[in-house]
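Look for chain A in each of the two complexes below; its partner is chain B in the first and chain C in the second.
And now, the complex of A and B:
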């Protein structure tokens, strides 16, 4: 376990050093993504300025939600950058490289790349959480702990979901369209108040597209401690993680090498 | 009328000039090729349009709850049905517009722009004709699926005039959006990274263009600002025309679109001529 952890940390360090070779490009993407998220959030400012609250959710709830989702999404897709392009790695036979090395294939493949723009999402999420604390007027060490836990759960479910969907490439070939729709669905749904949706829709958001585990549930948990919510978050993370790893390795048995000569620099 | 840029080298090495009809025919051929190319994959085309179902479902939940909370049958003159049909048209335009800025900047960065610049067509017009072919089919798919979903949710769409007026305005919307895409893509000649510009432009369209919320719901001061910016005439103009068609509104939308086209198109043209004159290509 310790060896795998130090291996992943080494990969992350390499990715960071690589990004620092193009410092201006990295910073442009980080700042650009922060601005991008901030402009998007203006929609909710305008919305709640006019309608005040919807089914019990107000602007402060949205700040908490954006805080958790952006931090979790940013950290997840930065540290495991290949989670958004796993299907193309499988379809193009580019898993050969990871299979030939004595390291866990999935972990190695996911952590081998970082997205610069995701660092912008992560930073924006922290700002949003800061603003949520300021406007809610409540803060404490326990809230920080809940925020960390909520973001970790968000990362686990998001990455597991992306792996799960893209692992279907092993069986059905090209899943680029499915991946795009699944990605859009999980990100979009996670950024809306869960109180908008009724029973059937909620079931959908906890199972097929588990956006509730990425946004609403951890955001509510960050705001106030609830043992049941903590159990739900942990159970959700564990179930999706186990499922993703199981399906990926099951599919890997069907993997066909691209036999292409690959050069990694 | 003769066009200088339409000149092409003949087999003997002489410059042959074409008529305007021949120039138009050339871009028509590019448009037609792209159209046929997209038509070759109908399942993919319909699959791409499924995204509108997701957005319409979320919007329906959001606005049903909001109208219920306000307790009024209309907000800023729009009923729930009007709002949903407006959002359907706004999303259909947004999802079908072809983002060429990425293609542009990739071609500039990897140097393949060199191969396109020496071809007997204009680099900008070539991309517009090609993008239009793709957008037209994507728009059709989005309208078909989006309309079916919204019809089931809130009842029948607005009258035939709305479809015709909005359809006409959407063509100018694509043209205006294309000018912005070209501007972002051409910035690759100057800056290393253009993604940030693209994201921010898209968010301006979502917010100030009225994709997420009709501009009628904005506070008065923000509505004034939005209506004086070009983004509103790419999305809001056609979508609002769709739910409330009138000749006066159509004239106003066209006028605004033409003004902004002249301004943004003029900037694109000037920048394009400058960067092409300064272009240095190394290697082979």
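And now, the complex of A and C:
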């Protein structure tokens, strides 16, 4: 554990060095993404100005939700930047590099890239969380702890989901289109008030597209402590993580290095 | 125990076949048809500890596939292999601590960073402590003459400079075996020679064994004592490089010039005249059929000699003759 941690920290440092080679572009992307998110949120401000709440969700819930999702998403895709391009790494034979070095392939691949725009998401999420605290008037050390925990769980489920979807590449070849759809779906659904959905749709959000584990569940947990929710969050994270690692390594055995090659006849 | 031993290794790729057009694409989606490509077909060979072994063959012969299996990147379809006592696809991580690999077509240095940053990252990956890493880097920097290049972002290096840094990076953790897949690809003559020299020196100094593929006969000729030639996934030739030359370099070409005019019907028994001019001639003979002595004395008897050049085909010509012979 400790061994892999110091290795991953070294990778993150190298990513940062690499980003600093292009400081200006890095900062532009960070600020661009923050603006992008803010503009998107304006929609919800207008929406709730008119409707006050939907099925018990109000603007403050929304702020908490965006706080957790953006922070988790930003941190996750910053620290494990290759989680959004695993499919093309597999299809183009770029896993060769990770396979020839003495470290766990999945961890090594995921942590070998940091997206600048993700740093923008992360910062935006913190702002959103700050605003949520301000408007709800509740704050404390415990809430900070719950927020950290909630974000961690959100990261684990998000990254696991992305790994799961893209591991299909080992079986069916390049899945970049599917990946993009899955990615959009998980982000979109995790940013909706969960109270909008009923039974079947909810089941869907806890399993196939586990957006509930990334957004609503941890966000509610951040607002108020609930033992059952804590258990759900931890269990969800563990299940998806184990599943993702299992499926990825299963697929890796089928890895064909340059499997993108296709003949047209 | 040999450093590498391979027994009846096979690798078959399944490739999806697809006919042209939308209809073809739809059909491929619905019911994909596969085409098997036997990239490696029953290879068996051994490499001794500290040996420099050439592994050559035409495009698509299965060299890279073999090397990828030996590094643990690919699982073989069947057969056995052991590298330093490890089965590569089972003990990938343990093996990676003891071998180094360079793929000429797949750089491992971080493109936007100076090479030294990747060296430090590799230090962490290979768990080398800081002070030994520093010593190792300065040793390799001197051996590969890359002291001045280490601080420059890799994207600004020439191909030759970059390749020297690549090979140096693969030696950071003092591997026992180095697998080099076309390290000289795209390099000019001088850069190639420089790279060869450093590989040779590391072999002398640290006894690192090298399995080398290349399309340049010169790499094999200067570096390797033994060579394995593969074609269509099978070994078609294996022997010492010197034996290869002795065996195939029996055809001599002779260029001769005289101080006086030659007889127009100039000829020698057992020698094929390629071109006969007024003051000179070009001819060819096989030493297995026609001994050297009578040819040389025949040349001397024909007039007053100004110049004689006897040459043999290059290793490259020999290798291409072997490739051609094993084409089906």
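Definition applied: the second predicted complex is superposed on the first by the 258 of 265 C-alpha atoms of A that agree within 3 Å, B and C clash if a C-alpha of one lies under 4 Å from a C-alpha of the other, contacts with A are read in each partner's own complex, and residues count from 1 in each chain.
Just so it is clear, contacts are C-beta pairs under 8 Å (C-beta built on N, C-alpha and C of every residue); 3 or more make two chains touch, one makes a residue touch a chain.
These numbers were taken from a predicted model, which means no experiment stands behind them.
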item	value
Chain B versus chain C as contact partner of A:35, first or second or both or neither	first
Touched partner set for A:22, first chain B, second chain C, both or neither	both
Chain B versus chain C as contact partner of A:14, first or second or both or neither	second
Chain B versus chain C as contact partner of A:51, first or second or both or neither	first
Contact residues of chain A, present in both the chain B and the chain C interface	22
Of all residues in chain B, those that touch chain A in their complex	44, 47-48, 50-51, 54-55, 58, 61-62, 65-66, 69-70, 191-193, 195-197, 199-200, 202-204, 206-207, 212-213, 217-219, 222
List of chain A residues in touch with chain C within their complex	3, 6-7, 10-11, 14, 17-18, 21-22, 95-97, 99-104, 173, 253, 255-257, 261-265
Of all residues in chain A, those that touch chain B in their complex	22, 24-25, 28-29, 31-33, 35-36, 39-40, 42-43, 46-47, 49-51, 53-55, 117, 177, 181, 184-185, 188-189, 192, 195-197, 201
Touching residues on chain C, where the partner in the complex is chain A	13, 15-20, 24, 35, 68, 71-75, 92-97, 101, 103, 106, 108, 110, 112-113, 117-118, 120-121, 124-127, 153
